[in-house]
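Working notes for the structure below.
Labels for the chains are A, B, C and D, by order of writing; each one numbers its residues from 1.
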Amino acid sequence: MRNDTPILVKKITALSLITILMVGFFWAFTEMPKGSSVNVNNRVSRLYILKNVKAATKSLNSGNFFAKGMKPLRSDVPYSPITFGKSANLEDGAANVVTSIVVDYRGFDTLGEVTVLFLAATGVAMLFFGKRKKNIIKAQASLIMSVGTRIAYAVILLFGIYIFVHGHLTPGGGFPGGAVIASGVLGLFLGNDHYESNHLGLKLFESLSGMAFVIIGLTGLFSVNSFLANFLPTGVIGDLYSAGFIALIYIAIGMKVGAELSAVVDSMIVDTEEEWS
Amino acid sequence: MMQEFLQNYVYLIGSMSLIGIGLYITLTDENIFKIIVGLNIIESGTNLFMVAIAWYPKAVMPIYTLTNKLSINGKVIAADPLPQSLVLTAIVIGLGTTALALTIGIKIFEKYGTLDVRKIKEAGR
Amino acid sequence: MSIFNNAALLIGVPLLFAFSIPLFGLISKQLTKWVTLLTISFNATFSLYILLAHKYPSIVVMGNWLPPFGENLYIGPVAALLVSLISVMGLLIAIYNLWSIKKGDVTRFSVLFLMFTAGASGMVLTGDIFNLFIFMEITGISSFALAAYGPEKRALGGAFKFLVVSSIGSTLYLLGVTLIYTQLGTLNIAEIAARINQTTPGLLTFAGVLIVSGLAVEAELFPFNGWVPDTYTGAINGVSAALSGIGAVSGVYALFRIAMTVFGKDGTYVSSYGNLNFMAVIAVLATATVVIGELSALTQKNVKKMLAYSSMAQMGLVAVGLSIGNELGVYGGIFQLVNHSIAKTMMFLILGVLVASGVGENIDDFRGLWKRSPFLSLAFSVGAFSMLGFPLFGGFWSKFAIVGASIQRGGWYDFIIGLVLFASIVEAFYYLRIVGYMFSSDSKFPKLKTPWTPTIPIFILAVSIIAIGVFPQIVGTFSAQAASEFTHKMSGYVLNVIPTIAAH
Amino acid sequence: MNSNLIWLVFTPLIGSAIAAILYNYKFLDRLITFSTFAITLFLVFGTHVGQTYSMNLNFMGRMIPLSWNVTHLSIFMLYISIVFGTILTFYSLMDRSRMKGFLLLLILAANNWIFTTNDMVGFFFAWELMGWASIVSVLGGRKERKSRHAALYYALMSIGGSYSMFFGLFTLWRLTGSFSISSNLAYLSSIVGVHPWWVLGIVSLFFVTFMIKAGIFPFHTWVPMAYAYAPDTFTPFLSAVMSKYGIYGMLLFLPISLMEKGMPTVFGLPWVNYIFVWIGVITAVLGTVLAFFQDDVKKLFAYSSLSNLGYIVAAISLFTSVGVTAGIYHAFNHLLFKGALFITLAAVISRSGTSKLSEMGGLWKKMPVTFFTFFIGIASAAGIPPFNGFGSKWLIYQSMIKQHLLFATILLFLASTGAFLYLFKAFHSIFLGQLSHNYDNVKEVPVIGQIVEYLLMFAMIFFGIQPGYILRPVGLIVKSVGLNPLAVMGNGYVTGMFSNVDMPLIGWSLAISFVFGFILFFISAKHKYVSQEDNYTAGQIPQDWGLTPETYQFSWKFYEPMEKLFAPFYRIKIDGFFRGLGDWTRITGSAVKQVFVGNAQIYTLFAVVGLIILVIAGWVA
């Protein structure tokens, strides 16, 4: 395959390769558990849903968790039924199990995820670094647009905050919340020809909220002796003030993601001129 | 029959088709931005695949509410929340990669003056 | 199982400072490079402390959820050695960056470089198969951005190629991880490793193929390594040094963690719970990489591109060593990894200093370099000799062990090592050609003025190559422990993470 | 446990480090090199047969024993190499060539290690060290471009050789689990009757290495290049000492052939040995034939070295008591006279500034001491009694004839005659004839050089008329490899199969005839020195018929008729094979490079194709 291969040859090659690949995939899928035979009880998620990881740990330490042949006995782990609004002081207080996994059980992943986004934003800003040119107005925004985006911005901001504050109760969380906030900023850019974001503010938000996440993690390390461990009481499941540090982390993430994506939008919209002199 | 097929294979077929389409675009289209779009489609396919393995017929959402019970007599009936959280992560990572790819694409257009992927190379290999 | 939770600082501290570097950047741009330097030096000190005070094997529990329920870091001999290697290399390149990165967005470059190092460390440390993906992406995204940094347009082309191929690779990896999750319902490497025989063979094979292909992109194995020459050539020299000295280390580590610990059978050479013996597959790919890399480098007139091809070929050699699968082979592979990392980093840094002082990248510009800059040309020769396996230089011992191991293994590995040795002769040809050019006396140009900041890392690296060559036990003791970890899957890895898994 | 053995290795290494630091101060560098050689010589005085030493090397967590063991052969080799090295480094104190002292010391360390070690790890390490240090040493020749090419060529051959040994030693390790040379040799000897082909395969892996290092027939192509373009002061070491490492290695492995009971034999020799005899003979003849026409004097003597090593290999391959004695004896003699010759050549080249025979001539008046040293050197090399080359060549012919290898013997005789021709050519072209005007201001070498030359002259005459001093230790070596040593009648006798030669007698008779010759020379008519062009024929001066000073030189087309005679030999280009291999590799490299086309899409395609191949492999498996 060379650079000057005719497009038709290329297409036929690609099609045949993809066909082979797809056949391979389907051949593999015939051995996968089918939709009706998926059993969450066989998976580690069962422990997350029933919030009995601590009990499982106890059973692991006493050597009862793994049966002969190293089969894990996940269904045998004792659990206590959880009732919304009643059960208190669970090992993890989030009503949204996805959130409890994202932030608590696998919080380290999320720290990495935040870092990835941070790095991507940093990379984007680094590549667009240079002297900022004046905004070239490509299309004049209409009056409705410019007024509407400004009004909508406040609502969108509020909605975003709502999403990440309620991350442990409802679907959503820091990332969607942050993305919603950034969409408001995008609206401002679209609606106002001479809009300039507050770079210092964005930077401060970004850095401080990121540091807050790590500091929360380090607090866990120094108080509970484990990085990213929950060091706050978990409260009653379903309350706004529950789930320990999950809300704190999601607030940090929300602010961080909002600031970061706004910064990305900013660097992509504003033209720059490189200077390497 | 049809229902069973749908339950078992529809998401898998969907995700595989997305991956195949994305791969096809990536392999044949010479425009950098279309290649990025292709990569994005592959990513969507992967994400769909991951969500698909979390779901099974009649699964409830994995969120405790007043009406939503996640387990009955010790048997969990909720959809698997772990792949969902993985998808959340994967989406964000895909977003980051895409943003960076777009940026590099813009810079390439600025410096090479072309978006043809075949022309982004130096002489003298 | 000993728990050493404070080692989470190896990830936590770089993250904290990476997030805060933009604030330091408000004070002064040049300060941010120092912040990076100090943070990585904290990492280097801490990891060397772990290595030398023998704080391993131990695990780091994240979020107070014990493995296999939560996420964990595993600090075994391999991880301890490689994290030290990565951090020390990062530290030395950071010292070089103090001098070399003056233009452009210094602040963000510092952030990306710091996270590149931390991400590679995390990739080596982590004990969770999905977390590995995250760290792969951290390393990946920071390296795309780093590779695109610089005034030259070829940097962008290289970064784009890296990005495209790497995205495909990570997608494949993710699919493979998902397939394994559907079978075992867990993401913990130790539990997967212990229970890998409870899966459906066909699906496992497919998952293994996907994962191996995905990781081979990072480990620079043919045919997944198309990005290597362009990216290494395009990036500025400090970044190329980091890519070959840090990025490739973590890539090859991840590949063999999966192939040997997850898919491996305890105490055997093979890793075949699926239908396919992945060690053999990797051996074939690695041999192809060595041969193709060396042959491509042979006629190369551009020294940087030559180093890039050579880098690829050296990673192939590392993979050949590790894929032999007996203890001596893994010993040789890890040793070669250390040697390659040190030597290639040094050579890229030297190239960077040379290019900055006006010497070109072409081999003709190296004529008579000995007269112009004796220190740099000597150091470059030291690196080249180490690559070639000159006795009294580090590379001798690793090549010795790899060849010994493959002959000890016998069978078709005799054939593989024959090809590898043929490729080594080719390698000798082009490296010695450069050395010969450097020591010829027909140069009309004046002496070079070498700034002292970048000479510190170059000097340290050159000295360490000779030190390893004279006293191979500096690395040898640790890589022997690493070899025993890699070859003994249960006692080396699984039982250190989940001690009660085989209680029955 | 004798720790002085390890100091034999470490002293040169320490000296090398110091010399490397003082590299810029050339004289200090040389002085340290010389004194380290001298110190090492003292250490060798304290070494005696039977000393052992062992230490453990931590290699991948398990201990690998490194052991040293002094045998008769090793102590002999140590003495001759270090004594010669000391003389050479003493000579190099005044020298201006770009030989690097610290590299020579590295080679010395390797030299001592190779000769005393009893484990293959140490042997291989030292072998590599020696090879690489000598490769780098070759780099500093006068003609930079050519010496670079020579070093590269040498390096590639050398690497090929060491990889071959790599394979061999690890195969042995796989079989026996031990790196010890003596126990592995014993193992090979014990199984040679059962699996002769296995043993042959393993031993030939080692022999390729040794043949490359010694420059034996199919692998001789690097020798002329490397010898000719190495620094002038390094070439003596390269030719005199370093070619003997290969011989040493062969001597280690040859005793196995005694046990080859199952092998078919030719003329009472195992066929492998028979082949090696012929390889030696071919090398000897080839070296001679190619040496005729060389215009570069160092290249000429490089081919001469080749030829002499052919003699040695032919002799030791017989593996009879006369053969081995003759081989080792000739190795010593070759070391002495070829060392002396190359040292004088270095002196001549440093004074005249050229190494082309056609540009020299008539230098004997300007450099008399060098002239006499050279004269005795070529007399030795040609095997003229009573100088030192005679006895060994004589023994070699005897050993060959005793095995009824008549044809081979005749070829060796012819080679010897040829040797006389080219040696005379060199002698005449450099020293006799008319002095070119370019060399009117040439002076004799400095005092240090003269001392060395007197010393070498003395040695060549002394060991020529007193061969017993060498034959006795050689006899011990022959005994230690399990053969009957030749009887040594006295210091002055070379004892052969058929007769004894009284060397002092020959010496005296030759000396007396020389005296007569001189008397005749002095009482004859006075002669007049004329310049080169002071000549005429039929009223024409040389310029009139188109002769320039160069073409009017004696050595211009010295053996033109013979050149035509042997022209077919010139067309056999063994190095063409290796060059072809190199070209082929380069073409393949350029083709393979096209894989990396620089298009992200195609790289993706590669990845996908790789994935598909793996999937299919998994499917099939």
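Assume contacts are C-beta pairs under 8 Å (C-beta built on N, C-alpha and C of every residue); 3 or more make two chains touch, one makes a residue touch a chain.
Note that this is a predicted model, so its numbers are computed, not measured.
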Chain at the geometric heart of the assembly (C-alpha centres): C
Pair joined by the larger number of C-beta contacts - A-D, B-C: B-C
Approximate Å spacing (C-alpha centroids) for the pair chain A, chain D: 72
Gap in Å, rounded to a whole number, between the CA centres of chain C and chain B: 29
Inter-chain centre distance, chain B versus chain D - centres from mean C-alpha coordinates, in Å: 69
Where chain A and chain B are represented by their mean Cα positions, the distance between them in whole Å: 15
Residue list for chain A, restricted to those that touch at least two other chains: 3, 13-14, 17-18, 21, 24-25, 27, 32, 38, 43-45, 106, 109, 112-113, 116, 119-120, 123, 127
For chain B, residues contacting two or more additional chains: 19, 23, 26-28, 35, 53, 82, 86, 89, 93, 96-97, 100, 104, 107, 118, 120-122, 125
Overlap residues in chain D, where contacts from two or more other chains coincide: 593-594, 596-602, 604-605, 608-609, 611, 615
Touching residues on chain B, where the partner in the complex is chain A: 4, 7-9, 11-12, 16, 19-20, 23-24, 27-28, 53-57, 59, 61-66, 68, 70-71, 74-76, 78-82, 84-86, 88-89, 91-93, 95-97, 99-100, 102-104, 106-107, 118
Partner chain D, residues of chain B touching it in the complex: 23, 26-28, 30, 35, 117-118, 120-122, 125
Chain C residues within the chain D interface of the complex: 157, 160-161, 164-165, 168-169, 172, 205-206, 208-210, 212-213, 216-217, 222-224, 226-227, 229-230, 274-277, 281, 285, 292, 295-300, 327-328, 331-332, 385, 388-392, 396-397, 400-401, 403-404, 407-408, 410, 414, 417-418, 421, 424-426, 428-429, 432-433, 436-437, 439-442, 472-473, 476-477, 479-481, 483-484
Sites on chain D touched by chain C in the complex: 58-62, 106, 124-126, 128-129, 132, 135, 139-140, 144-145, 148, 151-152, 155-156, 159-160, 163, 166-167, 170-171, 173-174, 582, 585-586, 588-590, 592-593, 595-596, 598, 600-604, 606-611, 614-615, 617-618, 621
Chain C to chain B touching residues, read off their complex: 130, 134, 137, 140-141, 144-145, 148, 153-154, 156-157, 159-161, 163-164, 167-168, 171, 174-175, 178, 181-182, 187, 229-230, 233, 301-302, 305
